[in-house]
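First chain A sits with chain B, and in the next complex the same chain sits with chain C.
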Partner chain A sequence: MKKLRLAIIGLTACSGCQLSLLNCEEELPGLLDLFEFHLFPMACSPALLEGEYDAALVEGCVSTPHERELLLELRKRSQYLIALGTCAVWGGVAALRNGEDREVLRQQVYGQSRIACETAEPQPLRSVVRVDAVINGCPPEKNELLGLLADLARGTLPAEIDYPVCTECRMRENLCLLTEGDKLCLGLLTSGGCKARCPSMAVPCEGCRGPVPEANLAEAMELYAQKGFDRITVLERLCRFYPEWKL
Partner chain B sequence: MPLLPGVEAMNNIKKIDMLTRVEGHGSVELVKDGGRVVDVRLNLHESPRLFEALLVGRRFDEIPDIACRICAICSTVHKVAALQAVEQALNVSISRRIALLRELAVQGGQIESHALHIFCLALPDYLGVNGFQGLAVHAPEKLQMGLRIKKLGNLIQEAVGGRAIHPFNLLVGGMGKMPGADQLQRLSGQLSEICDDVAASIAYICSLRDLLPHLAIAPVCAASGGPSLFGDGLLTSTGLNIAASQAAVWLNEEIESNTNAKVSHFSENTSFMVGPLARLMVSMPQKYVHCFPDHSIRSSLKARIVELKMAVERAQLLIEQLLADGQGKEQPVTVVISKGEGTSIVEAPRGTLLHNYCFDSRGICTAANIITPTAINQGAMANSLKELIAAMDGADYHQIRGAAEILVRCYDPCISCAVH
Partner chain C sequence: MAARFISHDNLELLLERLRMYGNLHGPVRGDDGVVRFTALSPGTPPDLSAVRSLLPPKKYLLHPRETILTYTADAGYQLPSEENSPLILFGLHPCDLAGIQYLDRLFLGDDPDLLYTARRAALTLIGISCTPDDFCSCHRFATPLEAVSDLFLASVDGGYVVTSSSPRGYELLKGVQELLEEREIESPEDSRRFFGQAVSGPAFSELDATLPEWQELANHCLGCGACSLCCPTCACFDVLECGGLDGDSAVRVRRWDNCLFKSHAQVAGGMNFRKDRAERFRYRYRHKYRGFGPLRGFPACVGCGRCRVACPAGLDLRPLAERLEGAHHEQ
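Right after this comes the complex of A and B.
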């Protein structure tokens, strides 16, 4: 069988999605039977963007003119382009103060110096290119990443997850951290697929996988209000990974 | 198309297109005069996420969750450094068990990061292959050995932090769920089992031929706690002992036009190096002295494997202490919110990491300052590169280019951290 040619690239991000792949220690050697990691600068030399790719897996958000160009180029060269992780899908942590004056934020870090003045508000990939599939999570779960690669090997793409963290949390019969623990848990608005990793260790969901399709924000807000959490606190917490909640 | 902005050759400047097998986005620029390479510059192009601005306005308990997202490879140590700074600012004290578990997680991160660097990022240089794909063909048993060690580092981080990347189970004043005695015992067994692999790795790494000429090590500094990777200050090879609260002033970060990462100028105006070699130079266990006959940057891989062994031993010791202490009920910590400032220093895999935060009387962050190892190392890296081209004067451009990339990898830069 011909190996699938992959490009794995990080834009503005922490490299955690790419590291999640390198953290598949047991599976990594076996993956080499199915895939050629042609462009993967974090782990392979040299970094050459050439020819066409069966799939491009892109981590991170877009925050510079160069990243925008690179993304367009990857789109042109790839049959499938996959947004890997929450920054690529939703904007992520880097975008949490989008909507505020970026120049003011820049000056808080760099003062009057002109360093980094070419950068813009971090945006998810779909603001620049068509995205064929998404893998949520900060970081993504290893099994979803391996599932994506298995799907690609079969010539398909993973389906969108349409249930919230709450669904998996109930299946694990956890104590509800919101209704029974009075904690600000975002599981009911957040896309599932993590098997309720955090609530299962008694840590409230921080919403790292972005909004679940058809999230009922109004109803959730009522529930949060009953538990004594005001709207601003909840929205601020929600915006940690997806700034558009405030709209 | 070039993978980094402005990488096309301009006049007599040739950039090495995007550094590979390092974390983040950077390049090295070689300046040619005729056929000779006459100057070299390191560029960290990473787009800043402006973390220090993002953190301002957030509540104290959100700071560690957000700050750990600076970097994946170093996320556990960022989380712990942020927690400690927040706790210091709010006068929160943690139990001995929590302290031991946090250090265990940090040692797990050290094991994972060093194994990743040694076996996936650096070893391909020594074997003349492109990366783990080449290793899988030419040295599959070495790759497998490295991945086994790497995996154990991740298992430790998962057991304590809940996740190998961006651990969520470490909280201000405590933890979500404590790892049980059975989990700790399992880890202890796995640590014992990995010792053969680690011993074999030390012998193997020390047997590899040097790829670089001898290049001197800059003065070094490291956190004062030695193998614990923690400390309440910095120790330098020049005999200084700097309190954590004074460290940011001593490091003296400034903004320079050619890099998005702030550059440490140090009070002495000498560049100091941080990282595995620096830590060993500050406190070298006697039994490893023979591994470092020449004080040279090219020994950095040896320093990493030695530190990896020290981290495995330290993790075993921590688990022993945790098991001996037993599993008594942890008292929940109540945080009394007050105005304050906190600074913490922890040794990340790549060197000294500093987090500093100020909070107002509502517990809202009013200022954040994060100083990372790769940012600190920029001056030493630039000097080493200059020494390299001097030492290789007359060599072919491609040889210098290859050596420059290997030299940068000796510092194992983490550019997301450096710029944040």
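Right after this comes the complex of A and C.
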């Protein structure tokens, strides 16, 4: 079988999603039989963007003209482009301060020193290019990353997850942290697939996987209000990983 | 009438004896207050006062996620093989027994499911009587499902009247004979009597798609799936083909699904037979109270109340059911 040619790059983000892939130590040798990791700056010596790719896995937000060019170039050269992790899919932590004055933010971080590049509000990939599939999570689950690669090896893509964190939480017979524990758990609105990792440890869901399809925000807000959480607190929590909840 | 009686004092000895026949599981209240069916090891007593567990016993017969077919280049397609050591479920309420009977109809019928058949064969059911609470509706709607078990413990003063209804139950009864005493007791009435009733009338007619209730339910639904995960008779599953990382092998997985999820009625090309939640609610209602396909006129609701208890929005199909189906017998 011909090896699939991959490009794996990070834009504005913490590189944690790419690291999650590198942490699959047991599987890495096997992956080398199936894939040519042609462009993977985080893992390999610098390589040039050249030729065409069977798939590009992109972590992070687009926040500089250079990143925008790079993303457009990758899109042109790749059969599939996959958003890797919550920043790439939803904006995530990188887009937390969108809507605020960027000059003020620049001064808070860099003071009077000049920074070399021009930046814009960090945007998820779909603001710039067509995205063929997404892997949610901050960082993504190992089994989802490996599942994506296995799917790519067969010329297909992972199915959309259309159930919230609550589904897998109930399957694990956890105490409901919201209705029974009176905690601000965002599982109801958050895309599943993590096997309710946090609520299973009695830690409320932080919403790191972004909104579930068909999220019923109005009813959820009603429920949070009944539990004594005001709208601002809930929205602030929600917006940590998907700033557009505000809209 | 002579009946076999076991005192509350002898219950622990009964459990100890039952452990000799297989793995013994029953309802246990965890430190977090959640009641789950789990192993009744010595020192872990069953919580016989709990009205319902979070998940019903269907989890033993259909796992939330499981492999149903494996492919490798060398061996070709292979059905999963698993060892099913004998499992005894203790403390099943009549609704859960009826729920298992419904699953039997689905999975042991014309085209038996191999995994289900093997697990079911390894299962011994020991029922116990209960007192319905405000969420229960076993006593409000007719169901032709029967609450059948191998052994049943019906509560009476100071203990239980024990009856067997299968050869396996009879064997168990013989094995625990010295823990029982013959007593002159009238057979107590218990909630099994709510089951096994013929239905007629509305159960066979179509539902009105224009009822405003469908949209009202949809407006409040959070789409979390709790209602069907916790339902003893919900058995919808999704099937996924998962390729292995060697490039050759693959497994076919089935996992619990929910009719309120977007993908439940979605087909190739993104088309969807039930695009909005209101339509999905009508579908759900029809399954629970009227049945469809070969099970038309065969309601699937056993009245355990789990969907109402588990729903974060507190959605309840019962008021609508009372209007459309009519309450059928005395409280």
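In this section, the second predicted complex is superposed on the first by the 242 of 247 C-alpha atoms of A that agree within 3 Å, B and C clash if a C-alpha of one lies under 4 Å from a C-alpha of the other, contacts with A are read in each partner's own complex, and residues count from 1 in each chain.
In this section, contacts are C-beta pairs under 8 Å (C-beta built on N, C-alpha and C of every residue); 3 or more make two chains touch, one makes a residue touch a chain.
A quick note: this is a predicted structure, and the numbers were derived from the prediction, not measured.
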Item to check | Combined model on chain A where chain B meets chain C, clash or fit | outcome: fit
Next on the checklist: If we overlay the two complexes on their shared chain A, which of chain B and chain C does A:Thr64 touch? Say first, second, both or neither.
Outcome noted: first
Checklist entry - Given the touch rule stated above, what does A:Met1 touch, chain B (first), chain C (second), both, or neither? => result second
Item to check | Degrees between the directions from chain A toward chain B and toward chain C, using C-alpha centres, nearest 10 | outcome: 120
Checklist entry - When the two structures are overlaid on chain A, which partner does A:Leu157 contact: first (chain B), second (chain C), both, or neither? => result neither
Next on the checklist: For the three-chain arrangement built by superposition, which of chain B and chain C touches the greater number of chain A residues?
Outcome noted: B
Item to check | Touching partner for A:Leu28 - first (chain B), second (chain C), both, neither | outcome: first
Item to check | Partner chain(s) touched by A:Cys166 [first = chain B, second = chain C, both, neither] | outcome: second
Checklist entry - Just chain B (first), just chain C (second), both, or neither: which does A:Pro41 touch? => result first
Item to check | Partner chain(s) touched by A:Met221 [first = chain B, second = chain C, both, neither] | outcome: neither
Checklist entry - So, A:Pro213: does it touch chain B (first), chain C (second), both, or neither? => result second
Next on the checklist: So in the superposed three-chain picture, is A:Leu235 touching just chain B, just chain C, both, or none of them (first/second/both/neither)?
Outcome noted: neither
Checklist outcome for this item: Superposed, chain B and chain C have a smallest C-alpha gap in Å of 13
Item to check | Overlap of chain C and chain B interfaces on chain A (superposed complexes) | outcome: 202
Item to check | Of chain C, residues touching chain A in the complex | outcome: 32-34, 36, 54-55, 64-65, 219-226, 229-230, 240, 242-247, 256, 258, 261-263, 277, 310, 312-313
Checklist entry - In the complex formed with chain B, which residues of chain A make contact? => result 9-20, 22-23, 25-26, 28-29, 32, 36-37, 40-47, 49, 63-67, 69-70, 73, 92-94, 96-97, 105-106, 108-111, 113-116, 119, 122, 138-139, 197-198, 201-203, 206, 208, 236-237, 240
Checklist entry - In their shared complex, at which residues does chain B touch chain A? => result 1, 3-5, 17-25, 46-50, 52-54, 56, 58, 62, 65-66, 69-73, 75, 116, 120-121, 124, 130-133, 136, 140, 143-144, 147-148, 150-151, 154, 162-166, 168-169, 171, 176-177, 255, 257, 259-260, 405, 416
Item to check | Complex contacts: residues of chain A adjacent to chain C | outcome: 1, 27, 30-31, 33-34, 146-147, 149-151, 153-154, 156, 159-160, 162-164, 166-167, 170-171, 173-176, 178-180, 187-188, 202, 212-216, 218-220, 223
